[in-house]
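Here chain A shows up in two complexes: once beside chain B, once beside chain C.
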Partner chain A sequence: MNLDRDFDVVGALKSVYSLVIILVLWEVVTQMGMIHYYFLPPLSDVLARFFELLANGELLENAYLTLKRAVVGLAIATVLGVVVGVLCARNAAVEWFFDPIIKIGYPVPIIALVPVFMLWFGINDTSKIIMVAVGTFWPIAVNARDSTRQVDKNLVWAAKMMGTSDWRLLRRVVLPAASPGIMTGLQIALPLSLIITFVFEMVAGGGGLGALEIEGVRSFQSTLTYAAIIAIMIVGLVLDRLLRVARARLLRWT
Partner chain B sequence: MDGNVTISNLEKVYDDGSERTTAVEDLTFDIDAGEFVSVVGPSGCGKSTLLYLLAGFLDETSGTIEVDGTPIDGPGTDRGVVFQDYALFPWRTVMENVTYGLEEQDMGKEERRSTAQQYIDMMDLSGFEDNYPKELSGGMKQRVGLARTLAYGPKILLMDEPFGALDQPLREDLQDQLLDIWGDLDKTVVFVTHDVEEAVYLSDSVMVMTRHPGTKKTVTDVDIDRSKSRADIITSDEFTETKNEVWRSLREETQSGVQP
Partner chain C sequence: MSNVNAGTATALPSGVRSAARFVFDWIPLAIVTLLWEFASGTAVPAEVLPAPSVVAGEIRELLVTGEVFSHLFISLFRISVGLGLSIAAGVLLGIGMARLDPVENFFEVLLALTYPIPKTALVPLAILWLGVGTRTAILIVFLACLLPIVMNAYNAASDVDQNLVWSAKMMGTEGRRLFWKVIIPATIPEILTGVRQAIPIAFIALVSAELIASNQGIGYLILTAGQVGNYPTMFANIVIISAVAYFAVRGFEIGRERGLVWT
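This part shows the complex of A and B:
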């Protein structure tokens, strides 16, 4: 038998050893009854609930709702944020108009506006998507603007010297040169889009992993709450990985 | 032959609203087609400003710059700039950098690649066509910069301390390579440097600029036998004498700026 071909269990554990210790502690401490079941049920119970919800489709259905809201909102924010950010950096009039708005808008803790969005747009999907778009617009726009401003002047000059017209400069030089910064903005906005979606779902309901989580608290089923949290962590992790892979492939040259 | 440059009463004043700084003043100078001219001067004398005016990146305050009798109007493909920091497009491979100017001339893909390959081979870059700039050394980056500029066929090369960031042996290699190309391709070259030896070694004539504001101080013709090797040229009396002459002229300018 060739041991080298086998999956390296020790190596895989090493990279997450602190996590494993915490999970083992969780199981041991709760099994010993040191923490009230309602506050923290044993990991094994939570996992059992998790797989039960996975099997009956409840988890996938709610994950789909959450993902749809977060991703559609993020997509809208990306288009608007990149357009506004790049135009701000290239055009004084656009900058004059948007600079004060960005200065005020960026630092606002967007979660504080959930009730306002409920008043204006209700508690349906549209309302949640608009809120995600508004909340993630700022980091995308600011990163697009700053990275466009920082494009090396010599690159622009070199292109002009070789016959690139002013209106083609944007596509030929400015956008490719600014793309790493634009991607960074997206990476900042991604977890934000999930946070906004979860919070809105907790407050307003309408399904989704956030709603599932709060339902567990309200119905005294803490295994449901923790199972939803595990699902949320997986969704966040997978989306973050996907974006990293996209970055590595699209920006191979950096 | 094309590539004559006529500079008449050129003046450049930077005005940032509160302060006016004259960078170039009353500069008149002719460069013949196919001539290699170096510009040396103390730092801050406006030699880079002069180069950027020739490139069309900056607008002159007064005076004129003509290429073959036509005043220049911004950047244009009749001239090519080689930058000290290379200014390669990092998202493009070596091949894609060299084809950039040809794409802008709407040349077909096949022709583009074969033309670019010619210049890639000329600059000893074969085998690196698909590498990105970040994967290259400084010397190789500048060879890509030269290939990219030569490929689209400008008559005039404007070089802004192109070898300033490279160490001595590499710099000498690139100087010799540049001389070979210049001998083969009949380009007019304006070469800005702060290195007197480099200026004399490469040029037909060397212009020394005054300290501030910058204008033409002396023009020294270089008369050396280019068929000889680098070692023979560097150690020859003609070379040493010319170098000293330029050095003394430059020295007066750097000294005049020293505060007592």
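This part shows the complex of A and C:
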């Protein structure tokens, strides 16, 4: 069950039978009317709805809204988190100031702040983006700080001895050495960014895949909810893959 | 910054020194709190950002009147049941997948397909099946916590020292006894690591489920307090659930250190 490994075809065929069984069972049981349509519509109906929503652009439009909120928020958090994290590890005054704030901020179940952001910034895109940025800042900052702290002192001393300036030292020595840890922080932050976006969309509306899902529940169209979940699964898989590829590229030298 | 008080520190007893150190370390937080206190009602309207003193008063009020406890107990019940179920199922599944090929072949593809879905995105589905309330919250906590526990149990059970297993088998330990007496004790430290990772996830899942689909619990209190414009109560409940989450993790870590004496 190594989730890091690339897809291997033979192994996939050997282990994919359970999925086939479940999908076939889903279709057969629902076609026979053994489960109420509202709880579990037949797979074929769900897929039909999925492709219908894909064709009329509704899925793409909502996926775009969700992705925009999650990715822009995550990008802001990455910049701020890496800056604060690296400075925390390299500068005693910054460390003194931010350490207790991180200690208090990191354990907060950030999702509880959704109503606060609704109060402060409303329910528009900006509010959602700021919420994602604030929520994903903590794991990124903590991982950037801890991995920068663990950078081999000998590397830094050697570079300093050869007269490397502070800025070059940071760019050429410290950041590359800390980048595996920074990527780990990003991998923790990515699902969190999606969680925050979906929950915000479900609570406050304003479009997006989360809002689409909850609309399906409210209007008794469960095919809509299931189709939206398929889209969410695809978005999650693609983002996760992209981050793994980026990690492999960036950290090729390790 | 250690040399700031190094000069005086040598002359002082260690108790005073560590107390001074503690105060010094937490000054930034005091600064932020004071700024917040002064900003509230001056730079920003007091209802948008209630002062810490107001929120603290509200927390005291909630605790003294006991208003919060019925909701807090419901939240704690949901999170304990959800996490408990996911520990039981996750450990069995993780060890089963590591030790038995058919189990691995069956579940691998299902886990690989579902792990990139943020489990809170399944709240609407849970509403479809279980309605609004406790069962939905438990299901979401269970699903959200399952993967970290399965992964840690799986990795640990795959790495159990084969010599241990062989010597136990040689002495006639088989099947269920082998499982309980050899595999489980050898994997417990990593299972606990999985549980440690799962606790914060459980709180996020719980609050999400309560925000979207509940009429009880702390998440519900936060949302409704915000909707009716009772902002001090909203902030007070956020502080309460954050404190509970923090102490759940700390309590677990302390318990683990005490309990795992043999490692």
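Observations, loosely collected:
Everything that follows uses one rule, which is that the second predicted complex is superposed on the first by the 235 of 254 C-alpha atoms of A that agree within 3 Å, B and C clash if a C-alpha of one lies under 4 Å from a C-alpha of the other, contacts with A are read in each partner's own complex, and residues count from 1 in each chain.
Criterion: a residue touches a chain if its C-beta (ideal position, glycine included) is under 8 Å from a C-beta of that chain, and two chains touch if they have at least 3 such contacts.
In this text the structure is predicted, and so the values were computed from the model without any measurement.
Touched residues of chain A, counted separately for chain B and chain C, are more numerous for C. Of the two partner chains, chain C is the only one touched by A:I214; chain B is not. Residue contacts after overlaying the shared chain place A:V199 against chain C, while chain B stays out of touching range. Of the two partner chains placed by the overlay, only chain B lies in contact with A:M162; chain C stays clear of it.
In the superposition on chain A, A:N62 makes contact with neither chain B nor chain C.
When the shared chain is aligned, chain C comes close enough to touch A:P115, but chain B does not. Applying the stated contact rule after C-alpha superposition, one finds that A:S127 touches neither chain B nor chain C.
Counting contacts by the rule stated earlier, no residue of chain A appears in both its interface with chain B and its interface with chain C. On chain C, the positions that touch chain A within their shared complex are 1, 25-29, 32, 48, 97, 104-118, 120-125, 127-129, 151, 154, 200, 203-204, 206-208, 211-212, 218-219, 222-223, 225-227, 231, 234-235, 237-238, 241-242, 245-246, 249.
If you check the complex, the residues on chain B that touch chain A are 55-57, 74-77, 79-81, 83, 85, 87, 89-92, 100-101, 104-105, 132-134, 148, 152. Contact residues of chain A toward chain B in the complex are 152, 154-155, 157-164, 173, 176-177, 179, 251-254. Touching chain C in their complex are the following residues of chain A: 1, 3, 12, 14-19, 22, 38-39, 92-93, 95-101, 104, 107-116, 118-120, 191-192, 194-195, 198-199, 202-203, 209-210, 213-214, 216-217, 222, 225-226, 228-229, 232-233, 236-237, 239-240.
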